[in-house]
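Provided herewith is a single structure, encoded as structure tokens, for subsequent inquiry.
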Amino acid sequence: MTQETTTVIEHRLFQGDYRLLKLSAPAVGPLVQPGQFVHLRVPRLADAVLRRPFSVFKADAAGLSILYKSVGKGTAALTTVTEGEEINLIGPLGTGFPMIGKNTKTPVLVAGGYGNAALYLQAAKLPVKGIAFFGGRSAIDILCVDEFKTLGWDVRVTTDDGSLGQKGFVTAALDLWLAEQKNLQALELFACGPNAMLKAVGDRAIQNSLTAWLSMDRNMACGVGACLTCVIKRKTAAGWEWARCCKDGPVFEAREILWDE
Amino acid sequence: MNEKPDMRIKIGSLEMKNPVTVASGTFGYGPEYADLVDLDRLGAITVKGICTEPHVGNSTPRTFETSGGMLNAIGLPGPGAQGFIKKYLPFFENYRVPLIVNIWGKTVEDYSRVAEIFNDQARISALEVNVSCPNVKEGGALYGTDVNLFRTVVDAVRIKTQKPLIIKLAPNVADIKVFARAAEECGADAVSIMNSYPAMAIDIETRKTQLANRTGGLSGPAIKPIAIKLVWEAAKVIKIPIIGMGGIYSPEDALEFIIAGASAVAVGTASFTDPSTVVRVIEGMEKWMAARKISSVAELKGTVQA
Amino acid sequence: MNEKPDMRIKIGSLEMKNPVTVASGTFGYGPEYADLVDLDRLGAITVKGICTEPHVGNSTPRTFETSGGMLNAIGLPGPGAQGFIKKYLPFFENYRVPLIVNIWGKTVEDYSRVAEIFNDQARISALEVNVSCPNVKEGGALYGTDVNLFRTVVDAVRIKTQKPLIIKLAPNVADIKVFARAAEECGADAVSIMNSYPAMAIDIETRKTQLANRTGGLSGPAIKPIAIKLVWEAAKVIKIPIIGMGGIYSPEDALEFIIAGASAVAVGTASFTDPSTVVRVIEGMEKWMAARKISSVAELKGTVQA
Amino acid sequence: MTQETTTVIEHRLFQGDYRLLKLSAPAVGPLVQPGQFVHLRVPRLADAVLRRPFSVFKADAAGLSILYKSVGKGTAALTTVTEGEEINLIGPLGTGFPMIGKNTKTPVLVAGGYGNAALYLQAAKLPVKGIAFFGGRSAIDILCVDEFKTLGWDVRVTTDDGSLGQKGFVTAALDLWLAEQKNLQALELFACGPNAMLKAVGDRAIQNSLTAWLSMDRNMACGVGACLTCVIKRKTAAGWEWARCCKDGPVFEAREILWDE
């Protein structure tokens, strides 16, 4: 983990409401592992004391990029940064996705929203390519399909309105597909997206005794494990303990997580 | 060019090479910021509040951003005294920076017991007693705002420790002088001012409070003018040092606290905004003083015009 | 489309067509903003604090900008009760908006006298008693933070006026509930929460305080979470209405106060930032409620989840 | 007085540290009288609750312009606004310069800093042109000399370092000139600049029984007379009373002002 003042190399509309922000980050870029995130100080947000966390979409020695959507005042301010401007970041942060287990034949990605971006590095890194389920409200919300295809993944899309791929929830498509699989033990799941989706994926994995790695999105303050803001309940022998999404996560195995009701 | 100013200060028997520490709860237990901050550069490190037993703290959400500040109701989760000694104290063997441990309790006995446990730990340089945490219904708020209970706690802790004893005052009182004086009279070596201020925010759509605990403490730049006032008031009536905190983001902010009457300062919420703040504050203070030929922090302390 | 929500509220016998007024001291005596704000659009206008006799107030500087807020130590200059009646009351003959006059005194007799003088003025709809002004050494602070003195003042004013009586509470107390209850018991028709919070800033170069009066009151968005908490606490123990204020800048801010338990709200510092705020707040509240089919402010009041 | 959302028409370095900001203000522009000011909400100053007051340099139906220097966080933020951006303002505010008295033969302007800008409309409006004393630290600080000359004024410049005009204080030049005048009663002074200069001009006027109109610069909050922040002591029969620079001023006659110590 390091702190770096980066420079905006590229900033543009990516697709739908999502923007691509590419930063020159020679110190942080090369260190990023799949599923890790960076904590940005948003410029021109003078009355805000907190940074904003974003998953790393792509990263290399030259820089790193994120895909984000304007949902509040921090991300709205972020949309106004221009090429050449400086952005301070801390990263890479958190514990990302692990390598697939040695018995895994088919890795399965499940994503919604910025989850597609958060899974990209993992999709690129995994030595075996499998199947990717992407869900969203509408065609415009489904990011990076071609990029995953290019990497060699079998991409299955679902949209709530049927404007792209199958109509319905991504978990329904996953269910159908899981029901067809003979050798469930050859599967391993990696998911990032809305909470409800993560829980649904986790539940299916547990029912089928599969391993599922879920990247959790929790409000954060410090981003480095110091403030205990971003905690979730992690099961222990005795019951549960708090685990920090920013440090112990954001990626947790489904069986570790104790969901609140 | 200019000579380096003398940044040293003393809190009881604790010698700090500069007057800058971090605020309890904003810097974890030590290791969390070690990659980003040269810990040995600090005057001291103050860790998150610890009680005798492990404590689970509040549900989430635990923090919420507000205009120029944030609310927190972490609820003092922690590993307990023995857990801290085992899990975190060894880490500090690799550092020379003095270690201030913030302690709290639900009962007077808790306070007394945790002080006793830590009294035997040589690596711990001082204890800071949190009587002002606004989040734990079982005690905090009460001890900090009722002067009789306050004295009971300070007495109970004082008797159990030979270490420098810092009492962290609650800001939500009608007259801070009463508590500052009581701390001094009960043998405290210093007071720290201020803890976060009891506050609240509500999501108007869901009608839920933005914190699971409902209320929390307000910290950050928003409260700095309140903290400066409290430090200034307390400095008028006590001789023991004051550690000033509340919205320190820059060397100038820290100097403002010193000029108001603080002997030392702590950087809190600012570490979230920018982890480099604490070192920037130390270096900036040094530079500012050197440029003005102010030879020591002690010389600057309390120099606000009367 | 949607029906207009019922925005009316009552403070004792005072009927306001909507729950939005301005905070005393931030809107002058009425005429100052008349070019910019349609005064009759407001639920009521609350004017700057008035004492029996003309008062000169503090030296300058009187205000100072801070992060997300400002400090003021105006020191309650004013034309005195008779001066106000002569100089400003005629202005209101051209308006229908209810007029709330904020009063203060250096002694209990002052309070009682000024209440008596204004009791005869038909154009004045209600009195708001400032027991919480942090700036006037001669009294303010004391009356607002010592519950016995507080009762004495409320009693003294209550006996002299048949007009709706609003007591403006000091925020710098350990427990606001004590004062809210005392006000209700002494026959107040409402309380207003909160006054600006005692605070201070220092110019590190000159070592002078940024205000001539040294300390002043912090207002603006910075204090909103403190004010929300105080309103929420007070609402739990009293039945009389609360006028909530502290950093209201938007309809959403105002709604947050209502949901916390306030019956009405006041826009203060925001008028300096943008004079159109108060009307924008009224219109925005109406729109927000209409869109959600909330039929009245009364229905929304205190609906924060317990 | 009205509140208007204006559009930046022009924003550029004017001279030295001063910038020119020109706003399209069809409602406020035509109302401005010499010596009045506008109260700007500086964009991108989210943690600041106060507006910033600026004298109007020029104004007409098309718009109004101000000349300003970056001295603190508000004016620093102001430097970043770009053409086409919106700025909310309240104006015109305050009581400006009066017409010259009917016995006045020679109006005398005395200015330093942005005072040169604040006096321009008055210089343009006065039916008789007289003499203008402009002071500053260095040549670069002396604004608008040619503009005043074009209007028909006899401009005398002093600089602290002698880099333009006479070396020394503007008041010294004024003193020399006053000493030469036969008919002092034909003079009337109008001044805007640093406090010390205003006091010196006022003192000279009083010593010579001249009328001097001084535009006072005081920190402001509301700008409309409501908050009583910007007060100065104005002499009364009984002693003194507070007068508000934003409403009763900024322009006061020298004999009215009770200077602190």
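A, B, C and D label the chains in the order they appear, each numbered from 1.
Note that a residue touches a chain if its C-beta (ideal position, glycine included) is under 8 Å from a C-beta of that chain, and two chains touch if they have at least 3 such contacts.
In this text, all values refer to a predicted model and were calculated from it rather than measured experimentally.
Trainee: Taking each chain's centre as the mean of its C-alpha atoms, give the chain farthest from chain B.
Mentor: That would be chain D.
Trainee: Applying the document's contact definition, name the chain pair with more C-beta pairs in contact, C-D or B-D.
Mentor: Here the pair linked by more C-beta pairs in contact is C-D.
Trainee: For chain C and chain D, let me know how many angstrom lie between their CA-based centres, rounded off.
Mentor: Spacing between the chain centres: roughly 36 Å.
Trainee: Counting only Cα atoms for the centres, state how far chain A is from chain D in Å.
Mentor: 57
Trainee: Suppose each chain is reduced to the average of its Cα coordinates; what separation in Å results between chain B and chain C?
Mentor: Measuring from centre to centre gives 34 Å for this pair.
Trainee: For chain B and chain D, what's the span in angstrom between their mean Cα positions?
Mentor: Comparing mean C-alpha positions, chain D is 48 Å from chain B.
Trainee: Residues touching two or more other chains, restricted to chain B: which are they?
Mentor: 67-69, 220-221
Trainee: What residues in chain A touch two or more of the other chains?
Mentor: 47
Trainee: Given which chains touch which, is the overall layout a line, a ring, a star, complete, or other?
Mentor: Here the contact pattern is complete, since every chain touches every other one.
Trainee: What part of chain D is in contact with chain C in the complex they form?
Mentor: Listed in rising order, the residues are 1-3, 41, 47-51, 88, 90, 218-219, 221-232, 242, 247, 260.
Trainee: Mind pulling up the chain C residues that touch chain D in the complex?
Mentor: Counting only chain C, the residues touching chain D are 25-28, 32-33, 35-36, 48, 56-57, 59-63, 65, 67-70, 72, 74, 77, 220-221, 269-276.
Trainee: Which positions of chain B touch chain D when the two form their complex?
Mentor: 67-68, 221
Trainee: Which positions of chain C touch chain B when the two form their complex?
Mentor: Interface residues on chain C, with respect to chain B: 66-69, 71, 145-146, 170, 172-175, 197-202, 204, 206-209, 215, 218, 220-226, 228-229, 232, 247, 252, 255-256, 259-260, 288, 303-305.
Trainee: Touching chain A in the complex: which residues of chain D?
Mentor: Spelled out, the residues of chain D in touch with chain A are 44-47.
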